[in-house]
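You will see chain A twice below: alongside chain B first, and alongside chain C after that.
Entry: the complex of A and B
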């Protein structure tokens, strides 16, 4: 019985889940304390609003509709977290998911608005653009030993301003936003889900095949990493580069390929959001969209497991959306971002908690072993 | 008993899980003497020095300074007692000047501001007194290895250390720099400093030391006066006469040439010279050729060059008639080269992978284990690993799904040996295949290597253990400073003679 309990706690997935839940709990607690400090009167309500998200609406139809809206933004977040996770498994830190997301948005919107392409071409263009950008970081690392974090951060900014410039050609005359996609090129809108599914979200028009597609991609990435020769090679490279080299894996090829796939995933995520028409690109924006960075948090909160990231991505998007409903008369408009940022920040501690849990159990086992060894010794002398 | 010792280490015993690194060792350093500490790799020299320097606490034994029992809990205590050490790999800040490095940690300050002028005066005075020529304003990254070492020595002198430990100080120096260092050491001793000189180079010990203590396999062998001893005696004390592991093997029946190496040259990563200089040899089917030598004489780089881990600077490698000079690592492997690497954690295993995944590390890409769509055949891998585990008696907690990291060193090594031998190679390159293993595992691995030879494979064994070299090899090539300095027949040579070649005291045709 005891043996079983121990092995369950040793299980990696169980550990990840426990650690993730702990992070969420602490995050909410810290958030609550901060709200208390700012304005004690509304803190309880504000934190419950954040956790409730769309449940704050009393009408069932509105609830369903805003569940749909949360899912619309969960899909790209999931793709970004897959991007980060995939690179991380191969020993690379793709902080460039943000930039790859930006070029994905740029490529898909330009193909849709300027070239009048159908949605699948737009999506493929986004993937290609993201893969190319990722590959640039990969090549720099492979052949010039440029740390991928540095090159990614710089490419993030280059991407942002390049995309701003590109999309300025297809923006509305009177606003900084790109043209309305549904009016300009309805073919570029991602296909809706079958009508019986749409009913689940009260016919929220922005819920498209992007949602199931993102989940499918998560499963695909899991299969790729766990079941294929390519996953075997990439993970071996991530765990021990010297050993991968020793057994003849081509590390440079693998490195570039990893970054390209990783970039493609993030960019595909961008197309999943912008091709719904849910958002328009603001051509004057001077900060990189947070989606790629939140992907890092989602990847870690999900225990670096592709299937875990499905849940973690949803959770992060859930509280981010929930933050928008906080009473603005009591707290400033930025409070929602602040609280969700706090929780996301604490999500980064998943690995730390896992480590702490493991070393605690190691110590306990060590003690038990020492005690039983002592017992044996005692038994021996008694004989 | 009247003799005063600067430092005495009495009956020191230090155990690590599974081994006794220092077994009742006594070392007495007189004031003003140069005392050499001699021993093979793994003899326990570094452990003993770490105990003296406060990095390890011994289980038994006492340390005395000037006759008083002292406790050294950490390097700060050692510093306070005037014990300084020049590490084999220098501990300098590359982008600091020589002066900054010397005063690092003991900067003279006044109201929070550095008083460098004062420090400079002191450093220049010391440099003058002991003939340690340095440029105080040069950046460490720009100066020669010799000057870096002089900086390290000045660091100790600046801290007014009385007991100076030199850990294999000549490993990285040119012959001229070595001569210079010897002179510096003599000057220091003449000024009353006590010096502990760790080395396994007999010539240097003979030329500079007053006395020499010898360690072997963690045990204290003895202390001799240099003027009453000879290189031969020291060499015998260092390696021991008795061969511990008897391997039964028939005489070799060498066949066709498997590996041919001509003029192999490999650049060094740590210094500007070549680590392997114009080395040529052959390995034939059915023989074990052994590369003997003291660590750091180019063996590692030679193997990296042969296996493709490092690019060659020159030369040609032929494997079974095929030119593989520029072949990829994978190509060499599939052509029949197996490699039991020197560092099983760095190269040999993906420690976070399961045992079964490690077992197929060299074969996962073969149709036996992967289908056309790129999916791994998990069942085939499990079965294959299961067979190897049984056949080679690899023990682990959960069989094929054990994480390699959780296995014992001996079983990790057995797993690697199983993987590399089961590949059915034509040439087996085994580097230090028994390092850090217990007697049982060593015996087993030795038997496997001999079995490969008897099956008509070529074996290239690289070993630092003289016992292993003598027991296994059919032919011995001795490497010294990147060159092959001798070819010996283990049946006619002696350990003493081999030791002389390894220490550079003797070379063929010289």
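Entry: the complex of A and C
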């Protein structure tokens, strides 16, 4: 077969895109059915609200402003999904992105509020804290054979309680929330975009350099994984640890390094949200923020490609924000969490989908070839 | 002191039930990370049954029906893992994680919808079952005996006998160690793995209802089960996939979890003036340390997590 004759469906990227769209479609469909079951009266409106998100506002200015708000939260989500993706490429399942995100928030807010550091120091502190936490999981896996999923979950809870305790020192006297960042330490707020860019979001003050920075990180991770020796080694270790060692790669070092980078990415994401002042940390929080878990959804929905995750992160955040607008007298905002969880579940079937698609096309091609061979044979006997 | 014993036993019961569930699933060759979600679903089933049974229901009928509801919902939910992991050869970690998120989100959506349907102002994610819960408790002096503790002991005995003394149990283990060999002597690996996952759904669901009724107040479904499904997995690993050792491990972990609830009752612990979050962290820290020391020579089933493909050699 000639190369150009291969069907478009054979292309791996096309297949991934197709599979992701299918996951989204089925996820939204099941979400719609659940809404119908709860209350048939408002289901159509609710699902369109979720999909529309900021478009539900009729005024253009409001739309722009809330587009900005969605982007503010897309940046940390993109970082979390890069974290999950990076680890997964090296054969590790970093469910600890949630915990690394938590320590990132803790470190950046503590540096900003208690120590009065400028934003870049706060961000570096977050990255260091996250990398350290990731490295702990890596060391436990490399030298003690502890499954990274379980150690990550334990560390998630430990970090949540530790950060709650730490940030209680810088909380407001009357509320469980941390001090207002803009009043306490304006230096720690991330720089805004140039003013002509700010107009795109109707001067939403929370849109900062975090958004383009996150996109740049996605490109950087893609380059690191696809174009460098280090990325190649990390991936090789993930495919086959024994083979990697045989080729002279230090598999334990690679494993720990992977987890550290992965942790740093998630924690950096947290600093990108909390250093905008968009949200304050609630020191009595009893459940782990969902950002890290949504990162898993975004990573897999993006076909495990750093550039794909830019789109998928935006989509997941888009419907999560949209969920906040549904009619609260009928439905709860968690319906969006439900839909994104469903999408993660469906992503489990992607491999099978690709396999089925490929083998179907193989069979069809074989039939065609057999048919043409038969024709030739027939032709041969008739002559 | 009696309070500490009481909480230790009830938390140990939860961990024991769920860890045994994980143990069956892993012995059949499927890693069940989704135990947490299964627990939430079981808890939902049990709590709904408690809410809707009329107040005058005799205690024994109440116990049986609630347990049945929890088990049923847990098993149904575990089918999500079984179908994906066994028939479609999906990544078991990914599917399990999705199930955990789906369980919590789904249960919250459901409970909130139910509450707002009853009264528009009610946006809480709790189910009222405090009165019905009394059917499970028997006071022996100041010790509050819970029928679930007995249930956990029965489950332990049953699990031991099933795994080691029956044909079914031995075949199940064979499927987790070397499925190709098991298949070659005529065992249906797919069926056995379904059985393993369903049993884990059953025990996980039961563990879920025990967990939410263990606390004093009503459980908020938004919180899921706070990592208990994963603590149970740690218990299972520490117990080296063997029921009797799992029971001992469950007692140890249950003790540290209980300490967080009742530490204020001990003068010397109070005198240390540690923040309460230290006690909240304790079970997780202990489990990390314990895992670090026991995982090196792991006795995990050899073929766990590997999808079985008949055509593969």
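One rule holds in what follows: the second predicted complex is superposed on the first by the 327 of 383 C-alpha atoms of A that agree within 3 Å, B and C clash if a C-alpha of one lies under 4 Å from a C-alpha of the other, contacts with A are read in each partner's own complex, and residues count from 1 in each chain.
Heads up, the rule we're going with is that contacts are C-beta pairs under 8 Å (C-beta built on N, C-alpha and C of every residue); 3 or more make two chains touch, one makes a residue touch a chain.
Quick caveat, the model's predicted, so the values are computed rather than measured.
A.B. asks: Mind telling me which of the two, chain B or chain C, contacts the most residues of chain A?
C.D. replies: C
A.B. asks: Going by the contact rule set out at the top, does A:334 touch chain B (first), chain C (second), both, or neither?
C.D. replies: Second partner only, chain C.
A.B. asks: For A:161, is the partner it touches chain B (first), chain C (second), both, or none of the two (neither)?
C.D. replies: The second partner, chain C, only.
A.B. asks: Regarding the shared-chain residue A:227, is it in contact with chain B (first), chain C (second), both, or neither?
C.D. replies: first
A.B. asks: Mind working out whether A:248 is in touch with chain B, chain C, both or neither, as first, second, both or neither?
C.D. replies: In the superposed model, A:248 contacts chain B only, not chain C.
A.B. asks: Answer with first, second, both or neither: which of chain B and chain C does A:239 touch in the superposed model?
C.D. replies: So A:239 only meets chain B here.
A.B. asks: Under the stated touch criterion, which partner chain does A:256 make contact with: chain B (first), chain C (second), both, or neither?
C.D. replies: A:256 sits against neither chain B nor chain C.
A.B. asks: Find the residues of chain A that appear in the contact set with chain B and again in the contact set with chain C.
C.D. replies: Touching chain B and chain C on chain A: no residues.
A.B. asks: If we count contacts the way the header does, which residues on chain C are in touch with chain A in the complex?
C.D. replies: Listed in rising order, the residues of chain C that touch chain A are 33, 80, 84, 88-91, 93-95, 97-99, 101-102, 104-106, 108-109, 112-113, 116-117, 120, 123, 125, 222-224, 226-227, 230, 233-234, 237, 275, 277-278, 280-281, 284-285, 287-288, 291-293, 295-296, 298.
A.B. asks: Under the definition above, what is the set of chain A residues touching chain B in their complex?
C.D. replies: 227-230, 232, 235-236, 239-240, 242-250
A.B. asks: Under the touch definition given earlier, write down the residues of chain A that touch chain C in their complex.
C.D. replies: 34, 38-39, 93, 95, 140, 144-147, 149-151, 153-158, 161-162, 164-165, 286-287, 293, 296, 300, 328-332, 334-335, 337-338, 340-342, 344-345, 347-349, 351-352
A.B. asks: Can you tell me which positions in chain B touch chain A when the two form their complex?
C.D. replies: So the residues of chain B in touch with chain A come to 307, 309, 328-333, 339, 341, 346-353, 357, 361-362, 364-365, 370, 374-376, 378.
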